[in-house]
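The following blocks contain the structures, represented as structure tokens.
Here come two complexes built around chain A, the first alongside chain B, the second alongside chain C.
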Partner chain A sequence: MTPPTAPLLQVDGLSVEYVLPATRAFGHKRVMRAVDEVSFSVARGTSFGIVGESGSGKSTTAAAIMRLVAIASGRILFDGERLDALGGEALRRFRRRLQIVLQDPYSSLNPRARVAEIIREPLDIQEIGTRGERRARTDELLALVGLRPEAGRAFPHQFSGGQRQRIGIARALATNPELVVCDEPVSALDVAIQAQVLNLLKRLQRERGLTFVFISHDLGVVHYMCDQVGVMYLGRLVEIAPAKRLFSRPLHPYTKALLAARPSIHARDRVSKAAGAIAIGDPPSPTEIRSGCRFAGRCSAAQAICRREAPLLEPKDEQHEVACHFATP
Partner chain B sequence: MTAPVLAVEGVTVERQARSGSVRILRDLAFTVQPGETVALVGESGCGKSMTALAIMGLLPPRIRVAAGSIRLDGEDLARADARTLNRIRGDRISMIFQDPMTALNPVFTVGEQIAEVLRVHRGLSPANALARALDLLKAVDISDPAHRLRQYPHELSGGMRQRVMIAMAVACEPRLLIADEPTTALDVTVQAQVFELLRDLKRRLGMALILITHDMGAVAELADRAVVMYAGRAVEYAPVEELIRAPCHPYTQGLIGCIPDMESGDANAELTEIPGMVPDLAAIGPGCAFADRCGLADAACRAELPPVMERAPGHRVACWKA
Partner chain C sequence: MTVRSQGPQSPLAEAWAIFRRNRPALLGLALLVLIVAMTLVGPTLYGVDPLDIVSAPLLPPGDADAPLGTDYLGRDLLAGIISGGRASLAVGLSAALLTMGLGVTVGALAGFYGGWIDRLLMRTTEFFQVLPPLILAMTIVLLFRPSLATVAVSIGLVSWPTPARLTRAEFLRIRELDYVRAARAMGARNRRIIWRLILPNAAPPLIVAATLTIGAAILFEGGLSFLGLGDSNAVSWGLIMGMNRPYIFEAWWATTFPGIVLFATVLAVSLIGDGLNDALNPRQRER
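Take a look at the complex of A and B:
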């Protein structure tokens, strides 16, 4: 038995590679490292947020934890067990303990299945309960996410985006998982509906002691949902800290750039943005990574060493890890 | 007060259907002063993009302006014929869209597309138009502009495509630029750069801007005044500072309260929810369209449409309970 203080999820040096098609016929295939040596751990009952822009590898990290993509190297420990080493029947049975809520509630629900079938499917696959029990569980899940029991007989297209995301959440909770990976669960929704879904997720977490890995590009959403946050840039984790700390005292220039760039309703009260805080240019393509710090090309504080040597993610103090040669508060 | 660049007055837009017509914009009125930024804010389906299309004379088939006027420097665009609109669009008024990939033509180079605007509206020769296109790419801070001029849209990043769109839109130094969710498809660090560019161009060209967005943060960053829209109707008009400090309409209060706010952040406080969802425009009753989602609504709200009333100078609200 693992002691209760041990993290529920521990990701250790995780790398994921995608093979890109050759640019010329019979040319060499190129390998892209979408996730590069990522390590973090998530305590039971807490939320770990991963923020970053497109191409940062945050969704690939989520997919790797779910074992939906092949892992190139590294270990994933779930409640002390080597999740990355599981396969076949053992992995299938293990999957009831971790589930995922996907970004787009329009494409992630089978349009030809009734809502009750969609929610029940994980129970069928995992062979949990009798038929009657599964049916009762489906009704219970619908109520849990704020849908009426009649909703079970309808098809996904009869629902709005927010309601569909509730269906996705009900499906994810069907097997009573300990860990739920939420991959941009509200970014396809209108702001007013986002709040409904975020409040629902927070309530469910409180009531059922769920552990979340919460992926979003929206700093406000992550700040609201998470205890601990990791910032990713081009496949690397560049900073990890408790949410409050990260947003009030960011150390990495990229985190600072993200915070400065976020449009805020307090824009008027804010002291004028430090000019250097805004990142320069576009994020480079993950297929064109050079040596040294990956943010160096967009960083106003970059020196010669930054282009030569990639900084390692190192603890600044007990709570705060950062990967920058010149990290300052 | 100077004459406004744009004066929208009593505009009602209808969609013709077999079962009769549905009003998708209802009695909309607002003005845009020279050099000013006005934001149209609301959820999907509130009519903010339809407002832009009505101003541009680009309404889809079977949708038409049924009443009201849209005056650009006094000239009524709602009654203008196609030739007049073609002359005005891209010249005195222009628009940028949410998704620059679909708004740009994939089979022409960036340079050719910018040059076309100048050949059509300014009668420049192809060579002169191309030279001017290069200047415009420089003006929107595109790196290596001479090379970009010869590239196709698919060769550019999302942020760069939006800069190209902006270069095309400002080629003729328009009086008014309409930006419809210009940064929704972009990453946040790139969004900040596009906002900075829009601010800079406005200052340099003295043009007015209509910003269409669902993001109150973007409104606070860019706009001077805002019009909050709900189900085809403007429910609150106010200077942005006042709107954010003291929103009057319950819908505006909800829109501001539902944003996870890290600055005044008590992360444990629940977000304000706006329950339910946007109503079907065809099924709106006689009263306030927001009544079913509003915590303050009573029978009177459902029975009678609240008129737009002035609360303070420049601050107007359509609510019985405000």
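Take a look at the complex of A and C:
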């Protein structure tokens, strides 16, 4: 039995590798580490945000937690259970406890199914309840996400992006999961609609005590939604801190660069840009990672050691972890 | 985002609405209904045995006994065309069914599972694709006794690679879509993903392919029968044409009329196929 203070989700040294096709005939296949030794934990009822550029491995991390991609190494503990070690029917049954909300509200709903069928699908797959109970639950879920009961008879293409994302959220909540992984849930939506969907997610979290892993490239969204935030760069977590702390006092040069690159209308934010917290050039291809700190090539504070030794993610104090040889406030 | 508030309309209802506005497709449908009706009720309305010798051989059309004339043995051509449709359509339909059954199964397995299953099945498909279909079909028919069944099987065995490749491509595309990922995250078994998610969404191009395959199979059967490799006991359009081929200069009608009906049938099926393509093609529906 786990004590009540134990985290709901604990990711420990998680790595995911993709095998790339050989560039030459009969050449060696290359392995790309999309996620490299990622560790973090999420307390029950809280939101953990993962931010990073595209290609940083944040969505792959989400897929690994959902057991949608093969895990190369590391452990995933869900409520004390080894989620990474589950397989077959045990994993299939376990899936009701964690669900995912996907980015694209257009491709994430089966175009040939009616909305009620889509929302009911997890219940059908997990064989939860009788036919009547499933129907009642579907109506309940529609109401929960602010859709009218008639919506159940319609097809996805009859809805707007925001409404479709509500359908996706209703589907994710059907089995009453404890953990919901939100993989860029609003980045495909109009800004005005984003706020509505974010507020819906926040309300649902409050009412049902949900735990979120929230993937986004949008710092503002993460700041608004999350209690704890991890910053990913080229497959590694480079900094973890409470959201307020991370946004007010970032320690890692990459986090600083990210925050500085945020478009802002406030003059004081522009000052920090001038302070040199800018990443130089583009991120290297994840297939061409050399030794040392992955950010060294773009870092304005890089020293010789940064190119030799990769810094480990280490706690600076009880709240703040950072992977940098020269982390300064 | 203007017409979204209309009542629930299924993709099928929408497809029918588009098909209904397609004149060539409707013409094809009408033509096919006419031809099918002819082969079904024709023999009872026009009660002449197609194998009976009713008159002098090679009688031109317009004769009182034989409206479309007679063949080289003096058999009624109209009776032959009417009852020959049954064999042609039956072989065409069953060959198309076999083609699609084999092709969809192979393509679905290859596209869904990938890896060595895909490589094995695709190499097999390519092996069949590099052989000339007519020669291969002739060989298969000759290995067994020519009959309607062996003709249908041989057509199926040489035609399945095309739908197999199409199905594989659709499966490769759809299996990576987010709604399939979501179903996996819910714990859906492969069987459910294949039957409930991928296959219905892959259906539109497959339905079109199936329709066009029927036309191709009818034509193929005609070709085999024309070459004398059909079932010589079952009258079919191809058989009539093949039998009367030596007399084409003396009696053009004996090869031309069955040819016209065969042509009309394949045309009708192709028009329907094109209409279905327009109606079911999702890219055109997203206006």
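Convention: the second predicted complex is superposed on the first by the 321 of 329 C-alpha atoms of A that agree within 3 Å, B and C clash if a C-alpha of one lies under 4 Å from a C-alpha of the other, contacts with A are read in each partner's own complex, and residues count from 1 in each chain.
The rule we apply is simple: a contact is a pair of C-beta atoms (placed from the backbone, for glycine too) under 8 Å apart; a residue touches a chain by one contact, two chains touch by 3 or more.
Everything quoted here is computed from the prediction, not taken from an experiment.
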| item | value |
| --- | --- |
| First, second, both or neither for A:S54, with chain B first and chain C second | first |
| Touched partner set for A:S216, first chain B, second chain C, both or neither | neither |
| Which of chain B and chain C A:S160 touches, first, second, both or neither | both |
| Chain B versus chain C as contact partner of A:T255, first or second or both or neither | neither |
| First, second, both or neither for A:Q205, with chain B first and chain C second | neither |
| First, second, both or neither for A:L109, with chain B first and chain C second | second |
| Which of chain B and chain C A:Q126 touches, first, second, both or neither | second |
| Which superposed partner A:Q99 touches (first chain B, second chain C, both, neither) | second |
| Most chain A residues touched (candidates chain B, chain C) | B |
| Which of chain B and chain C A:M66 touches, first, second, both or neither | second |
| Footprint overlap on chain A, comparing chain B with chain C | 160 |
| Residues of chain B touching chain A in the complex | 43-44, 143, 157-160, 187-193, 195-196, 214-221, 240-241, 244, 254-265, 267, 270-275, 277-278 |
| Complex contacts: residues of chain C adjacent to chain A | 1, 4-6, 8-11, 177-179, 181-189, 192, 197, 200-201, 282, 286 |
| Parts of chain A lying in touch with chain B, wherever the complex brings them together | 53-54, 160, 162, 190-196, 198-199, 202, 217-221, 223-225, 243-244, 247, 257-258, 260-268, 278-279, 281-283, 298 |
| Residues of chain A touching chain C in the complex | 66, 68, 91-93, 95-96, 99-100, 102-104, 107-112, 114, 121-122, 125-126, 153-155, 157-160, 168, 171, 175 |
